[in-house]
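Residue numbering begins at 1 within each chain, and the chains themselves are lettered A, B and C in the order written.
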Amino acid sequence: MNKKIILLLLLVLFLGIVIIISLFCGVDNSDPSQAAVIIWQLRLPRVLLALLVGAGLASAGAVFQALLRNSLAEPYTLGVSSGAALGASLGMLFRLSSIYTTVFAFIGSLLTIFLVYTIAARKRFSNSSLILGGVTLGFLFSSIVLLIIAMVRQEGISNAVIWLMGDLSSASPQAIFLTAVFVSGGILAFFLLGRDVDLICLGEEKAMHIGLDVETIKKILFFIASLVTAACVSASGIIGFVGLIIPHIGRFMFGPKHRVLFIAVSLLGAGFLILCDTIARTVALPLELPVGVITGIFGGIFFLGLLIKAKKW
Amino acid sequence: MKKVIFFLIILLCANTAHAEYSRIVSLAPSITSELYDLGVEDKLIGVTSHCKAPGKDVVGTLLDINLEKIISLKPDLILATNEWNSDNSISKLKQLGLNVIVFGRQDNFQKVCEDFVKLGEIIGKKPAAEKMAQDIVKQANDILSKSKNTVTKKVLWQVNAKPLITIGKSALASDLLRFAGYGNLFLDINRPYSRVSYEEAVKRDPDVIILAGMGNVMQEEKEYWFKFKNVTAVKQNRIFILDPYKSCQPTPVKFLQALKEIVGLINYE
Amino acid sequence: MVDVKNIYCGYDKKEVIKGVFFSVEKGNFTGIIGPNGAGKTTLFRAMTGALPLYKGTITYRNNDISKISARELAKDMAVIPQIVSVPFSFTVSEFVFMARFAHLGRFQAPGKVDYDAVDQALRSAGVAHLKNRDINELSGGERQMAMLAQGFAQSPKILLLDEPTAHLDIKHQVAIMNILEKLNKERGLTVVVILHDLNLAAEYCNNLILLNEGKIHKKGGVNEVLTQDVIEEVYKTFVAVDRNPVSGKPYCRIVKGNPRVIRGAAQQR
């Protein structure tokens, strides 16, 4: 247990270092007022959002992997991101201002959550109904998004496509605040339900025999994890990989007990995404790359290395 | 009698030298616009949904061409462009034996004018096209020489907000700025369009910001820029919103129009 | 303790269990036996509350189990199914510790009682030396013992097991049954166990329920149920029922060959 605490403290240190580098490196101090603008007005919201979205997606990912008892599950499996993309695209189709994009995206995800919940509730919230309902809705909404992209007038690149690639720099302060509320509330709830999540891993019947009210807990977990995902995607577009791989790295380092795991993946996810965003911002100057590209490539290589070196798999 | 025959032969040759097309389909708004400029709109029988051509048949959107519709119109000339029309559609049209002429991307004013003259030649209006082009080039050069006296101001030309997308060297708008006597803030980027961070834009401190995008989004963006009080363009209140459809069509007439508008708008003197 | 009153249940609206009546008293060591497809696991799942009933009721201490919350029931009743798949690498002690869930309030930290229960359970099942191993890396026999430990750690008053000895070698089969017997005799743990091995059932259970085609064919003491005629009737197989020389309990010997000839030979003895 002591080893885990030390490791967690190291993670906190890692996160702190990453935040400092992201905020302060590469700023020319010869013009202090411009430097201040860059650090506080441009970088701080970005770092903050990356922290929230990284932690949110990573912990939601851990919840979905436990809920569906499948380590390939991730926050986007059950269609929430497709619903958000649909909402955002509709907002763009009607040429609404960008604040509404976030709102529309969130409404889109809420709609998806509601539909999947309703479908699954008819089958006692069985995993197969969740997966089938969620994946099917995901495909349906994604197809509609493609339709919209094809129809939207464009003189450059379609706004919808750009949104889909993920962007941590554009959220309004209100969106960041709401994301903070949902993500921190969500992670707290997950932590408190940590034991219940451990039990769910054993399968529905065994969990029931140990005393878990399985259907209720599954509904609660599904709902909260989906809300957290919805908030993240509405604020930042679709950033992949974090929700899938960070839980694996967390379990590799800390074991699968979820109370500890939720803290670990939140820290890991936050640090990872801040790092990726900084790389996206700086590696191809003056160009800026979409952050989802960096999470995929950087994360993929890192994880492959882990896979090859680790004896366990 | 010999004179008459001789005269008739010359007339015949002159006619076949530039084959007269009477059923033209245009697959790009800029080409449609140029056809109107050259006064041959009566020969135009098919346009895209984005073209400004009242009463003409629509054969598809900018990206998606309805091949069947084109065939049904029985065109004798199809004018396409590499910038928008897909290679697939173009090669299919050629395979069907239709007469397709493809124009490449124009990344500067000179090329725009050259292509305009080339178009004039194809439809048998070469002299008119040349004259128009020369006239416009002269006006553009006048503006260019006037502006050589001022210090070059840096302009951030934004085509998208959140994320910020700007133009590079090979965008036509970059050449437009050059003629107006301004410098593209991101001239070091080669590609026509690139995503950049707001931080980088702020660091380079533009003197002018041009927002060439969708209406109300750009209004919001203008207000967003007001937060960065250190940026020169903000301090001097030189943030302008331009209609993207007017601001950079690759036709000589529209280029000149846009050029005059920008010079008038920014009005450094 | 547990009363099964005329229950009908099954899957997809079909009846697998058709009218079953029996009681399990405190301190019983009850074996459920019967041929494949008789409905043993279905009956088991109904008793644990996992399968809803079409008709009839099952009560635990005179309370309808369908009305008892999972948490309340888990304080008294532990269930060990045939397979538990664990998708992640929990250690054996983490796995066993999960059984304390029902005894802990949501925000309550585990106390000495809980740690002691887990230690005891690990020792009783003989897996204390494996407590830091990954549960998915254990051998079949070790894993089964770990499952047993998890059941014990729940501090139940009644333990239900579905074929705990399936796929195990004779050492593990005997070890498991010995532990169950010890807990039954020394701690008064009520045990209900599905067994496929008639001889194990005979040795360890103090009463048997023989299920056939969804109904109870015979229930009662070991000597009553395990007779040659009953076994042949239900299993459609001839066995020679003998006495275990050490315990005196019935012992079924498999006999090859023509049943009539052998029956004749057996009757002559």
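Please note the rule applied: a residue touches a chain if its C-beta (ideal position, glycine included) is under 8 Å from a C-beta of that chain, and two chains touch if they have at least 3 such contacts.
These figures come from a predicted structure and were not determined experimentally.
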Subject >> Reference chain B; chain at largest CA-centroid distance >> reply: C
Subject >> Nearest-to-centre chain - CA centroid comparison >> reply: A
Subject >> Rounded Å distance between chain B and chain C, as computed from the means of their C-alpha atoms >> reply: 82
Subject >> Centroid distance [mean C-alpha coordinates] between chain B and chain A, Å >> reply: 41
Original post:
Centre to centre, by mean C-alpha position, how many angstrom separate chain A and chain C?
Top reply: 44
Original post:
Where on chain C is chain A touching in the complex?
Top reply: 45, 48-50, 69-75, 77-79, 81, 84-91, 94, 98-99, 101-102, 104, 106-107, 154
Original post:
In the complex of these two chains, what residues of chain B are touching chain A?
Top reply: 50, 61-64, 159-165, 186, 188-189, 193-200, 202-203, 205, 214-217, 219-220, 227-230, 244-245
Original post:
Which chain A residues qualify as touching chain B in the complex?
Top reply: 28, 31, 33-34, 37-38, 41-43, 95-99, 150-151, 153-157, 159, 162, 167, 169-170, 281, 285-290
Original post:
Can you list the residues on chain A that touch chain C in the complex?
Top reply: 66, 69-71, 192, 195, 198-199, 201-203, 205-206, 208-214, 251, 255-257, 312
